[in-house]
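Presented sequentially are two complexes of chain A, the first with chain B as partner and the second with chain C.
The block that comes next holds the complex of A and B.
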């Protein structure tokens, strides 16, 4: 594992930078979650719509709240959405993909039917329908995003499991009497897990981007600041020349999504055996 | 012969998927969403009024009859009336889709052409600085929120510089053009980033095939190999990917339409969300899903016909 870490960072300054940015975001999110920083984001610290100044370096919003504190609280929201959604999506996608690819037959046909069905409904409508029907709030955002995101993971894992299943090492493990459990978890899983890792980082950033759109539709987070709500506020602010909420929320989102893009590209190049020797 | 069997199988396979989709819609809108009568009539409705309305909406039928209504509506296009505007839903969708297409079709065509050209350049110069630069630009473009593009575009290009109308729409051919230029530009920016990367990967996948090595061994020039052999093969997945996007074009782009006041299907969906107008969302969902299923079958069949390398066991 140590070797892997060293190799992946070798000669790739952009990747080091991206990882650093991501770590900073994660630390900020954890500190904010534990209430150490930005816990009093709702307090008035200046006038309404103060432009960035020495006291509030990112300015204030309509209620005189610090944009910096809202940005930090928004980081917490974004990271928790990314983390929860990609974890749920990976767990569902990975387990269904393994089961479906490994056992085949009627189970496989059912799972393929299930994800083809979900994939047939436009993503945005499915998201809207889920959040609409469930109660508005962060929980339904988690569920809605996870329910739409596991499909792609399951499809990729299933295809790879089918490929691995016919390889010699699985034949050999059958010959020495390995159980299904052992074959799936000790032999196949390590050979398909790279897909799950790459998808985790992809789903993470897609979820953060989707949160903005859901917030805009009024279906997202209600009780806590999020970047989506901040960008959404800008809709009425921008005409009055109040650009700071929009600009800083956009930059924050840009940095985290860009870093995730760079990291998932590097992971793909590094972990996908097909690309390794090219 | 094999191909005909495959085509029939593929068409038959669309049937269970269609049942699945309609069942999912039924569960979401008729069961989980709950009773809409209180929402429609308010708190002070009498029991009789509620029962009448339930009967009128067909909600007092047995569940399998309600499910059957959904199935039927996908073929008859009879979706009933909107709860909010009382209009016929099929008419709303028809006029909305037309408007959406005036925006989405040009955007789709232009962005596909741009993506194809740039991805070819990028793949041809793979590993060189120009490829790295293009990929970096794509990643940067993909990392900015759609909403930010719209807000900045509207504020700077339309409001500050007055290059385009800030919002609005006019029906009928040349009149709508000024209103769709900026939305088109934003749409193109939003979709090219990921498309270029996707097409580039497809082209690069072909680069390491055996036939390319053979062509090189024959002494063909790199340009010749790229244009004659690689592109020809890479075009198959690219074209199928383009076709599969077509069903979603009628949906338009929700955020863009809303911000620029374009009365397309995207705006209709958004209004329906704000008014809790279930039948409209339901109708649009059924319609796009059905079109998608058909197009999905078509692309799968095309794939097999176009690519002789796929063997049908």
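The block that comes next holds the complex of A and C.
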């Protein structure tokens, strides 16, 4: 297994770099969450709109707060959104996909109906509707995003389960009298889990992007720094020549999304049996 | 011979030059004024609009019986009325100007605008009170004109409004005379009929356009808007060919004479064609202005003024281009209101602590570039009742005192106090202002949660009382302090009026009720001052500031703005020679 893990990085410097960047983001988010860094992000550390300088390398915002600290706190928001949303989406998508694909019949029809209905509504409208119904804030963003992101996972898992179900090893397990539970979790799940892992990394970065958009539109988190809010601030700042909030928030988002894409691609190449054998 | 030939050649040359010059002038397009609207205009139906942006368009097409004199502070003069009628037994007999015609429009027979008659006045008043149209401005007439409320009640039962039903207080005497009778003494008669929504509408237009009436304005004003499309990004005005001979006044204050020297005595409107561009993005507006594509932009609410204004003056870069800044006091007050239905805010010490912890000076600096007046109470400057000398001790910035009061209120360092939600409207600037408030409160240990709402949703919350704190700005409808003091009169608690905070105080109510019984203006001002001080002392809201009206103007226009006039576009002139000079230099 260790050899396999290392093989994925073999001769792929970009992947190493992307993983390194992601690790930094994760470490920063964890440190920020535990209050070790950026816990005093709201404190005034300089004048209003100080440009990047030695004391505040990323400059300050309108209230003289450090943009770096806000960026770090924003990383925490972004990573937490990505993590919570992809976890919920994977749990829902994987369970419904397994049940639907394995049992078929009316259960399958119901689940397919459910996800096609959700998929037919434009995502952004659905997100806005969710955030309007629920009280605005980070919790509603978690729920709104998770409720829209499980659909793709469910669809892929279901298709794969249907394929696996008819294979010989499942027939053999039926013949030796394995229970439904055993068939699903011991035999089918290990053969479809790679889809879930790849989807996890994809949903992670899509959620970060969606959170930024929602916050930018004023529908997301309003009481804690978020990259979307920093970009939204720039709407009135850029004309005054204040570029640092926009630039640093965009760079942060760009780096994390790009790194996730590279890692997802590598994971797919590595985990998908079809691609691995090529 | 040679002399003769040269002479003939000279004559020929001169005649060619003259012909070219005349030809050029003949085909010269009439000057067009390019203005900007900051918001999309949804409708031009005067009874459905509530925002000042829409009223600028409405009052360029429609007219009112009276209007504010743009050159004399808060003075009312006749507009469609021949004179200012005098009160007799709570009634006014209004005589209309003769020969005033509506614009040509297909709603009239043969498409020709007919003369304005007294039945149009009655129709327009009734339309404002029509329950089936859900007008937004009935509050101004509510309970004032005799029999109007009864008429409104009767119409509610019917499927179709009967505008011919008699109303006791609206008597048509002849084609040009109407008598309006009030329930009691009404000292706001002139203000009511000078309001931007009390415009005169022909019934034919409503009958002809029906639901499309809001997109098809037909009035007597200086301009007409042929095709209004709420989705379009511009509104095109042209001169109303039926507009009567109105002139730019010659008697104006000395200090304005130089600025308007070319306009004095000229026929109104001064510019025949206007294009109002709808540009909602701040940066695009500024770029258009800098490219000389538009003649003026309002920068009151934008923080772009930080990059343009320094110490109250334009930066030299713009000044060199001839651009000038129009800076005048607006008549408004921004405030953060408490919800008195919530028990914690009945604690006066808590309210005072919150007010003392708010740094107004820094707020003014950060968001207004020091271009607004810090509020001491509710009444804004330039309105009678405002005392320049009055300094409210609870509008000072004193964190230590605030902490002490908070402790006395029973919440030492904010302990025991729930998280307080502040409802604001969506938008970057509003959010940043709310964050500033939040940070100020954090200093004394009060935790604030910000909730953003689309503007309509915010109003909905305020009306329903579903809030703890709200941030709002009140623009006066007419120059009388009563218009803003009503926000704290207990009988006007929403939904009966605009007392959004649900504040109740016996002494304040008593004084408010006294206002209408006193005819002497001097004594009334003393009452206003007293009421203003009561509010300052009891802090039913955190008084923030009074904003200024800031407009950037190109060198060739003579811009004018006053707080209660919405028809001022007709007084704006373009000086073609200056414009050409600047365009050549560009």
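Keep this in mind: the second predicted complex is superposed on the first by the 278 of 278 C-alpha atoms of A that agree within 3 Å, B and C clash if a C-alpha of one lies under 4 Å from a C-alpha of the other, contacts with A are read in each partner's own complex, and residues count from 1 in each chain.
Rule of thumb we're sticking to: a residue touches a chain if its C-beta (ideal position, glycine included) is under 8 Å from a C-beta of that chain, and two chains touch if they have at least 3 such contacts.
Note that this is a predicted model, so its numbers are computed, not measured.
Undergrad: Contacts for A:114 in the overlay, against chain B (first) and chain C (second): which applies, first, second, both or neither?
TA: First partner only, chain B.
Undergrad: Looking at the overlay, what does A:36 touch: chain B (first), chain C (second), both, or neither?
TA: neither
Undergrad: Which partner does A:48 reach: the first (chain B), the second (chain C), both, or neither?
TA: Once the two structures are laid over each other on A, A:48 reaches chain C alone.
Undergrad: For A:236 in the superposed arrangement: first (chain B), second (chain C), both or neither?
TA: second
Undergrad: Tell me which of chain B and chain C touches more residues of chain A.
TA: Larger number of chain A residues touched: B.
Undergrad: State whether A:261 touches chain B only (first), chain C only (second), both chains, or neither.
TA: So A:261 only meets chain B here.
Undergrad: Would you sort A:63 into first (chain B), second (chain C), both or neither based on which partner it touches?
TA: Touch status of A:63: second partner only.
Undergrad: Now for A:122: first (chain B), second (chain C), both, or neither, which partner does it touch?
TA: first
Undergrad: Please indicate which partner A:250 is in contact with in the superposed arrangement: first for chain B, second for chain C, both, or neither.
TA: In the superposed model, A:250 contacts chain B only, not chain C.
Undergrad: Given the touch rule stated above, what does A:106 touch, chain B (first), chain C (second), both, or neither?
TA: neither
Undergrad: Show me the chain A residues, by the header's touch rule, that chain B contacts in one structure and chain C contacts in the other.
TA: Common interface on chain A, chain B vs chain C: 218, 232, 235, 238-239.
Undergrad: Could you list, by residue number, the parts of chain B that touch chain A in their complex?
TA: 16-17, 20-21, 24-25, 28-29, 32-33, 139-140, 142-148, 151-152, 154-155, 159, 208, 248, 251, 254-255, 259, 269-270, 273-274, 276, 281, 284-285, 288-289, 292-293, 296
Undergrad: Applying the document's contact rule, which stretches of chain C touch chain A when the two form their complex?
TA: On the chain C side, the touching residues are 282-283, 286, 302-304, 306-307, 366, 426-429, 431-432, 435-436, 438-439, 442, 449-452.
Undergrad: Which of the residues in chain A end up touching chain B in this complex?
TA: Within the complex, chain A touches chain B at residues 113-114, 116-118, 120-122, 124-125, 128-130, 132-133, 205, 209, 212-213, 216-219, 227-228, 231-232, 234-235, 238-239, 246, 250, 253-254, 257-258, 261-262, 265, 278.
Undergrad: In the complex formed with chain C, which residues of chain A make contact?
TA: Going by the criterion above, the answer is residues 42, 48, 62-63, 136, 218, 222-223, 229, 232-233, 235-236, 238-241.
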